[in-house]
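Two complexes follow with subunit A in common, the first pairing it with subunit B and the second with subunit C.
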Partner chain A sequence: MNHLYLKGIEKGYYHSDSDSFELNIPQLTIQEGELFALLGPSGCGKTTLLKVVAGLLEPDRGEVWLGDQTISKIPTEKRGLGMVFQQALLFPHMTVEANVAFGLKMQGISKGVRLEKAKSMLKAVGLSGFGDRFPAELSGGQQQRVSLARALVTCPQVLLLDEPFSSLDPELREEMRDLLKGLQQDYKLTTLLVTHDVNEAFVLADKIGIMKQGRIMQIDQPQILYENPNSPEIAMFLGAKNVIYGQLSQGVFQSGSFKLAVPGKEEFNQQPGWIVLRSENLKLCPVPASTKFSQINRDLILRGSVEKSVFSQGSYHVTVQMDSQSVILSFPADQSSKPGLGEVLELTYDPQALVFIPEY
Partner chain B sequence: MEKLTMKGLRHYLGFPMGLLLTFTMALPIIALLVNSLSFGWRWPDLFPQALTNRAWSYVLSTTSGTYASVGLSLEIALVVTIINLVLGMPGAYALARYNFRGKLLVEGIVYAPIIVPAFASTMGIQMTFLRLGLTESVLGVILAHLAPTLPYMVRALIISFQTLNPSLEDQARTLGAGWWQCFWQISLPHLVPGIVAGASLSILISLSQYLITFLIGGGQVVTLPLLMFPFINGGDLAIGSAYAVLFSGMAGLALYAMSWVLKHYYGKRLDFHI
Partner chain C sequence: MWQNSKPYWLVLPTVSVIVILFFGGLVEGLAHSLGYFPAAGQLDFSTRAYHKLLSSKDFWLSLWLTLRISFLATLFSGILGMGISLFFLRNQQRKSRIGLWLQGLMNLPLVIPHFVGAYIIVLMFMQSGYLARILYGFGLIQQFEAFPVLTNDPRGWGIILAYTWKEAPFIALMIYPVLKNIYSNWLEVAKVYGAKPWQFFIEVVVPLLLPAWTSSCFIVFDFTFSAFEVPYLLGITYPQMLPVLSYTLYTNGGWERMPEAMAINVVLTLITALLGIMAYKLSRRWGMPGGKS
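Right after this comes the complex of A and B.
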């Protein structure tokens, strides 16, 4: 068993009054072979947590377990972890091959064996023939590949990734994600990835933990997390545009004069909370709702005027003002022409896809 | 008219500037050489009236003590530099990496010998060494030479440490490198330029010490400057000139040898490092 288990980790940071926080992780388990992403804005303590796991920082309290033994007292170099940082951090005075073989050299593996392993690892990251070059001769993406190869060649028990792709171009980032996911699955590596990139976490992770101000707010599989955020902050962080505060009573959510039908939530009575109305859940009514041909339930129709209309990457993102509430919806640009300002739109939504987050 | 660009400027001024530089550097040496070979070169003669190898045959003779003093000078400079490295490395590391109470004071004390006049501190050192029985010994001279040389070594090493990314060491540790391996494999190669700079200064300053060596050594520790001084100071200018040329050669060679050894050693490691 090689699962990673954190227990009662606490680490305080007190730079100044405004810039102090406390890392507090009561417990966290990362299953063997799982890719776990810690997702949070910068400064939320996720890198600190990673360094605690690596042993580069000592926590004030708490323990790190690997399998059935604690590694808290073991120094970094004996923990048998692999780590890739935001920068490639290749050793500038060594060739690419020597960089990759460095970890094996530290393990005392003979020169022939470690060179062979380094070569095959370089091949796995698509850099055969680059072994004799020096790091300065490589591009940023190539350097980060070498860094990944260097971390993987020692067959670490756990792979720690600290925003490894955030300094790369978007295109390259995607390529590296595919490479990482492939290698991680091939080697069945228990992986802890730290990132502030929502998309990256969703593409790569088997499980995501949302972090904020030193605490993990919610842990779940990506889709479950997306569909059932347990706080309005998480919903917004994961990209929900319309998170509206109001009251849910007998299947009807109300915020001022804005009303939504929320079937299947009849158990709530005068329950304050937030409704998550995703912009892709809102649709334009194809036929004016007033005509008798309309098939749409009249309760599910929202009417408002266009306040702002933006074209971006094949979609329109339109802000619609209705009574006291404005909502944002997105739809493919080829569906219709760009809505003009002030134009009155009729929208409908799928009530089953609404998410209600009660306030306690 | 041609535009006056940097390139054009370099083109027009390059040659005269180079000539000027060569003359200012080479002329004193040439003058010394000529002087060392001349027989009574006095004003108002533009050139010496006769040439002789008298000065050089004295300087290079076994009875003059030249060889012993060259050896002693180099030995002292080498030991001083090694001690400086051993002392300076951890000191520079701490000063570059950590912020602690009284850091400014520590820096002040380290740099003090090059700010306070050497004569003042040397008098104090001499009093102390007299009590400790360290005067008139090579060991005493070596210890006294540390004061004016250590600041330069520490300064050079601090700058080197400041440009070394601490994350590189973190990365090495995650790859299984212990403290010593981190230092030996990762930090030290990065520090080589700083070590070369610090060691060069340390060697040069130690070689050219006269006052400290004279006071602490009590005239018993005869390094090359001590041997040379009486001749320059009115004794025999031809022999003094020969010693001056010899001294320049010794210092230049010592510098060259040191940087060659360091660069060659690390250059090799750079190529065949696996």
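Right after this comes the complex of A and C.
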């Protein structure tokens, strides 16, 4: 059993009252073979947590368990982990093959065997024939592949990934994600990935933990997390543009004069909280709602004037001001011409896709 | 036109001084070594001084002594410099007050001139020096003569001591940034993949540090090889290190020995240049992918 279990991990850095940081993880379990992503903004403590797991940082309190034994007192070099860092950090004086075989050499494996394993691992990451080169002769993406091969060749009990693709360009990043996902599934590796890239976490992870200021705010499968964020901060971090504070009463959410029908939430009465109205949930009405041809329920119509309109990557991102509230919607550019400033738009939304986060 | 040539005119005074003093000195020294001494009425060129020098036992003894002292001083300061640099690194991680104080103390030789350093060595290590007095005071030696001869000794230990003390912090300072870079970049990686501290040192630190360490050592060797004041203060009258022999021949040997003195300087320059080229080639070889390290 190679599941990873963290229990009561605490680690603090105290510089001054305004500049102190505390990592506090009461418990966290990563199942065997699972790819778990810790997702959070820079400085939230995710790399600190990763280093605690690796043994590179000693926690003030708490234990790290691997399977049914604690590894808290075991030094890093004996933990049997693999790690890929933000930068490839290959040893510049060693060939690619020697870099990949480094961990095996440290384990005392004979030269012939370790070079053979290094060769086959290089093949697995698509770098056959690159063994005799030096890191400086490789591109950034190739270097990170070698780094991945170096991590996998020792058959680690847990693979730790510290924003491994953040220094690569977007196209290469996507290619590396596919490679990583494939290898992780092939080798059934228990993997802990830390990243600030929401897309990366959603593409790769079986489960995601959202971190903020040293604490894990919510853990769940990507889709569940996206559909049911338990705080407005998480909703916004996961990309929701319209998170509006107001009050929900008998199926109607109200924020000032802005109203939304929220059917199925009639149990709430004068409950303050946030409504998450995703920009992809907002749609332009194809026919003016006032005409008799319109099939749209009039309770689900929002009307407002265009305040800002931006074209980006095939879509318009439009800010519409309605009563006291402005909302952002996105729609493909081929559905309509670019809305002009001040133009009045009619929007509709799917009430079932609204998420209400009560304030307690 | 003026705009294009302006930078050249601006650096001309500095370049002129360097060319006249440095290259002019070299050319004049070479001419003197070849017997061209207009002041003494010698206007012919000949290689007589070089023949005489190369067939002289004194020259070869001095050359051997100079090489030996330079090599040992470089070796000791190279090892000590590496140790000091590792101490700086450890100290930087722990940030202890005593460590910082010691670090300052270790850097002190950098600001002390060589001849003052040599004088300090004399005061500390001569047979009636402070160290001998302390040992005598503690009853560890029964008489001052029991203290080993470390200054003005035939093997040049005083000179080696002075240069080791003076150059070790220089080497430490030269390799410290490289060492810091190695530790901050690759220590964690090596640890994760199972390297113990000594394995990290052997497998990663030594090969990556070698180019910077070698370059620093070559600088120290070249400096020690051609320096004058320390061997003049701490050496003996026979055999002398080459720069001192050259000075002695020039000042005490009369007109007929001056070309020999200058020939010694030319030989020193050639050996130093040769070592410089070697150091450059080696650092290029080690610095390039596929290099020896």
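Methods note: the second predicted complex is superposed on the first by the 356 of 360 C-alpha atoms of A that agree within 3 Å, B and C clash if a C-alpha of one lies under 4 Å from a C-alpha of the other, contacts with A are read in each partner's own complex, and residues count from 1 in each chain.
One rule holds for everything that comes next: contacts are C-beta pairs under 8 Å (C-beta built on N, C-alpha and C of every residue); 3 or more make two chains touch, one makes a residue touch a chain.
Everything numeric in this text was worked out from a predicted model, so none of it was measured.
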{"item": "Simultaneous placement of subunit C and subunit B on subunit A, clash or fit", "value": "clash"}
{"item": "Partner chain in contact with A:E97 - subunit B first, subunit C second, else both or neither", "value": "first"}
{"item": "Which superposed partner A:Q250 touches (first subunit B, second subunit C, both, neither)", "value": "neither"}
{"item": "Touched partner set for A:Q223, first subunit B, second subunit C, both or neither", "value": "neither"}
{"item": "Touched partner set for A:E137, first subunit B, second subunit C, both or neither", "value": "second"}
{"item": "Touching partner for A:Q185 - first (subunit B), second (subunit C), both, neither", "value": "neither"}
{"item": "Touching partner for A:M106 - first (subunit B), second (subunit C), both, neither", "value": "both"}
{"item": "Which superposed partner A:T76 touches (first subunit B, second subunit C, both, neither)", "value": "both"}
{"item": "Subunit B versus subunit C as contact partner of A:L115, first or second or both or neither", "value": "first"}
{"item": "Overlap of the subunit B and subunit C footprints on subunit A, listed as residue numbers", "value": "54-56, 75-78, 80-83, 85, 89, 91-93, 102-103, 105-107, 150, 154, 160"}
{"item": "For the subunit A and subunit C complex, residues of the former touching the latter", "value": "51, 54-56, 75-78, 80-83, 85, 89, 91-93, 102-103, 105-107, 133-137, 150, 154, 160"}
{"item": "Residue numbers on subunit A that touch subunit B, as the complex places them", "value": "54-56, 75-78, 80-83, 85, 87, 89, 91-95, 97-98, 101-103, 105-107, 111, 114-115, 150-151, 154, 160"}
{"item": "Subunit B residues within the subunit A interface of the complex", "value": "165, 167-168, 170-178, 181, 185-186, 189-190, 266, 269-270, 273-274"}
{"item": "List of subunit C residues in touch with subunit A within their complex", "value": "185-186, 188-196, 199, 203-204, 207-208, 289-291, 293"}
